[in-house]
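Both complexes below contain chain A, partnered by chain B and then by chain C.
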Partner chain A sequence: MAFTNEQLERYSRHIILKEVGAKGQKKLLNAKVLIIGAGGLGSPVALYLAAAGVGTIGIADADDVDLSNLQRQVIHTTKDVGTPKVESAKKTMEEINPDVKVITYHTFVTSENILDLIKDYDFIIDGTDNFPAKFLINDACVMAKKPFSHAGIIRFQGQLMTYVPGKGPCYRCVFRNPPPKDAVPTCKQAGVIGAMGGVIGSLQAMEAIKYILGQGNLLTGYLLTYNALKMEFRKVKLPSNTDNCPICGKHPTITKLIDYEQAECDGVHL
Partner chain B sequence: MKITVAGVNKEVADNLTVAQLVIDEKVETPEYVTVTINDEFVESGAFESTTLKDGDVVEFLYFMGGGQ
Partner chain C sequence: MADFIIDDIVDITDVVCPTTFVKAKVALEELDDGQILSVKMNDGEPVQNVPRSIKEEGHQILKLIDNEDGTYNLIVKKVGD
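So, the complex of A and B:
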């Protein structure tokens, strides 16, 4: 596949980098990334991956755009209110870069559909807002041996980690089970600064791009935490012994996917 | 004795338990925090029975659920 003149110009700032070059840009154009959640995290991920020329981007979300989303979900605009987020996100990505093929999944992810959703993708982005989904994505990616980027944001804080099969701990190594409903603030009553999605989501996009290019060090074996009020990033080393993990350990006790009960404030209109 | 908690050096009482440290550090939702000492997980049921030693490096890892 040769680049068109338009592509050479569009991706010139990538191609000039020795870590990317024409070869790396082709890898990006041939890559397939699935973004689960078209919200605060998913928006910047989708914008940057589309702009970067990631050739196939899947996006899964069951919700419609709500006015209260627009404070942080920067892929949607005021006139998109009331339309499915996946459609709004697809339209924006295609306007940014016609090279990108966007596949929409207007659905919640569940134990029934997730393995089918992720199977054709090279890298998965967890941009969800609730623990049942985060554990489901982790378990499915461990089972299907898919790399993924986990992230969470709340108030003035964010964190992320990258799972690559065989290269370090999974999310469940760190957090064994989802907290009970409403035990940990996750949602709209806690609030979040919109730019937090931009900071952490952009880092998720960076992890996906590095994974595709095969360049640099990923956040495997580390949890990166960001406290905006203290203006402090910390790269916390995670234990490398994953033997006791119930999903990625030596003797897994979780052998099928679990649909945990969702807290009432999770889900729609976050 | 001296320990490091979330990257900060602290002087604490000898034989401090993880359970007491979690209280002293005013950890939000202490029942759901993950604790590591010197790059090893402390099982969540073992906070009372785990005592810290001089030079230990402790990290608290918090659930963070938002994203939408």
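So, the complex of A and C:
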């Protein structure tokens, strides 16, 4: 595939980088990334991956845009309120970069559909707001041997980690089971500062891009936490022994996907 | 008398900075180590900057030929993969 002059200009700041070059930009254009959740995290991920020229981007979300989303979900606009988030996101992404093919999945992700959803993608982004979805994405990615970026945000705090099969612990190695229902407030109850999605989601986009390019070090084996009020990032080293993990360990006890029950007030994407 | 054999040519007179260098860089990436690229560029800014940027990438500049029509052909030997 040869670049058009327009593509050379669009991606010039990438191609000039020795870590990217024409080869790297072609890798991005040939890459397929699935974003689960078109909310606070999914918005910046979708915007940056589309701008970067990631050739195929899937985006899954069952919700419609709500007025209360717009404080942080920057891919949607006021006139999109009431329309499916996946459609609103697709429109914005295509306006940014017509090179990108956006595939929408207007559905909740469940144990029934997740393996089918992720199977054609190179990298998965967890941009969900609830523990059942986070454990489901982890377990499905481990089973299907797919790399993914986990992230979570609440109030003035955020965290993320990257899972690559065989390259370190999974989310369940670190957090064995979901917390009891209602033990942890959702962002609907607790609130979240809008720019937090921008900080953490942009880091997820960066991880996806580095994975596609095969450049630099990924956040595998580490959990990065960010406290905005203290203005502190911490890169916490995770235990490297994954043998006893019930999903990615030597003798997995979880052999099929689980739909954990959601807290009553869940269902709004961060 | 040619002291080199040109493997590929690229015309960067139809684009402006920084796409000039980008287009030349992309053409160089397509070549193998030791192959020769001829880059046609305009006088002025491109001829000032593009050869230097290519040199900084580690490639070898063999010759700059003045076409005497306001354009130059820069002959570059690719170094490395």
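Here is the rule we use: the second predicted complex is superposed on the first by the 267 of 270 C-alpha atoms of A that agree within 3 Å, B and C clash if a C-alpha of one lies under 4 Å from a C-alpha of the other, contacts with A are read in each partner's own complex, and residues count from 1 in each chain.
Here, a contact is a pair of C-beta atoms (placed from the backbone, for glycine too) under 8 Å apart; a residue touches a chain by one contact, two chains touch by 3 or more.
Not measured: the values here are computed from a predicted model.
Q: Please tell me which partner, chain B or chain C, touches more residues of chain A.
A: Counted on chain A, the partner with more touching residues turns out to be B.
Q: For A:Gly158, using the defined touch cut-off, is the partner it touches chain B, chain C, both, or neither? Pick first, second, both or neither.
A: First partner only, chain B.
Q: For A:Phe3, using the defined touch cut-off, is the partner it touches chain B, chain C, both, or neither? Pick first, second, both or neither.
A: second
Q: With the two complexes superposed on chain A, say which partner A:Leu223 touches: chain B (first), chain C (second), both, or neither.
A: After superposition on chain A, A:Leu223 lies in contact with chain B alone.
Q: So, does A:Ser149 touch the first partner chain B, the second partner chain C, both, or neither?
A: neither
Q: Touch check for A:Thr92: first (chain B), second (chain C), both, or neither?
A: neither
Q: For chain A, which residues count as touching chain B in their complex?
A: By the definition above, chain A touches chain B via 37, 39-42, 63, 69, 73, 126-131, 134, 151-154, 157-159, 173-176, 179, 183-187, 190, 192, 197, 223, 234, 236-241, 244, 266, 270.
Q: Using the touch rule from the top, collect the residues of chain A that touch chain C in their complex.
A: Residues in contact with chain C: 3, 5, 8-9, 11-12, 15-16, 18, 21-23.
Q: So in the complex, the part of chain B that touches chain A is made up of which residues?
A: It is residues 6-7, 29, 31-32, 34, 36, 39-41, 44, 59, 61-68 of chain B that touch chain A.
Q: What does chain C use to touch chain A in their complex?
A: 14-15, 18-19, 21-23, 25-26, 29-30, 57
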